[in-house]
């Protein structure tokens, strides 16, 4: 899973019913301190996250394996909100 | 999903029946302002999009999970037209 | 799908029966003018393509979804020969 | 599979039951001497590994194919602890 | 599929029974002359290959589709030994 920061959202016109009502957030991968390092992409929110949250993103086919995205044509899904990251006993990120 | 700009189309000779009649568009990934950043690739249109549209592209196995691409040998599909992108309360892109 | 140029072929000793008799071509991704930009990789031909053809390559799990590659351990397959590419009303590539 | 070093762990709030109780470790890909070369990402531990271990990481859909991650929305899983790496008869890494 | 050179092997402690007894080789992607260009990763051998062999590697979910890796948590498998590579009628690699 990727460590990613939620930076925004998108309103899109989507025909596929499996995606109706899903919140589409814009995220960027980060390092272990929560600093963005990657390009923006769109992930389906399944945990009630929002802008400023550091989250866990599952991509590829496994994005269809949350209870909210079963068989949906999605390739990235937010599966968790990160509370803390710890490296060698030192906390590098903690949710405020 | 990727944020991508439709930049063109391709006519190809394809044997596989699951892909017959599908519109194949050329897209490039963009940043959150709609400026292209990635290399061109081909995605199946399922939403009636065209050149100049900013779209959401699902890639990998999930590209087979729209109602129009079930079990087709496709690895990228346009699942939505982006109406707007918003970062921290500021609109960075709005469809004209 | 990728836009790719067929640049060669490989003879390999393969045990898996699902791949027997399949033509394995070497391809490189290209830009929209057919100029190679990517590294070489091997794709299974399913459309009778050959060196010099610009083709559409499907990769990942969807490579198993042509009628000729069902359940085969392949991750890239040529699904079409590109006849033309058009950007904003201008033809950037046409098959000779 | 990737050769990766476990560098830390994350505490996250995850709704999906298939992931409950799973240890989420932060890893970085390495070269054959165990020196980190890649960006950090999160993998589910299935072998009791911890910080400082060099491990084998399976990613993509196959991450769902361990007995502990069946049908879970995960895209990276630690499937083994590396005991040694050998190049041309020379040991380049041995677990202490 | 990737063109890759077998450069070594790994001994790992793996719990998953589907991977028991499988030879895990370290490979690096190469160009069409067999010169390494990519980073090392681990692939399951299914064809009796060894150090110095140029091989075909299938990655992603299709790595589970050889008869020896069915439903195993593996994401890269060696499916063939390359005998020769030919570009535009010229042999660029031949197995010794």
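As written, the chains take the letters A, B, C, D and E, and residue 1 is the first residue of each chain.
Keep in mind that, in the parts below, a contact is a pair of C-beta atoms (placed from the backbone, for glycine too) under 8 Å apart; a residue touches a chain by one contact, two chains touch by 3 or more.
It should be emphasised that the depicted structure is a prediction, and the values quoted were computed from it without experimental measurement.
One simple way to say how far apart two chains are is to compare their mean CA positions; for subunit B and subunit D this gives 33 Å.
The distance from the centre of subunit A to the centre of subunit B, with each centre set as the mean of the Cα atoms, comes to 20 Å.
Multi-chain contact residues of subunit B (touching two or more other chains): 60-61, 63-64. Under the stated contact rule, the graph of chain-to-chain touches is a ring, a single cycle where every chain has exactly two partners. Round the ring, the chains follow in the order D, E, C, B, A when counting starts at subunit D and proceeds to subunit E. Interface of subunit E with subunit D (complex): residues 7-16, 18-19, 24, 26, 39-43, 51, 60-61, 63-64, 71-76.
Considering their complex, residues 1-3, 29, 31-32, 37, 46-47, 56, 58-67, 69, 77, 79-88, 92 of subunit B touch subunit A.
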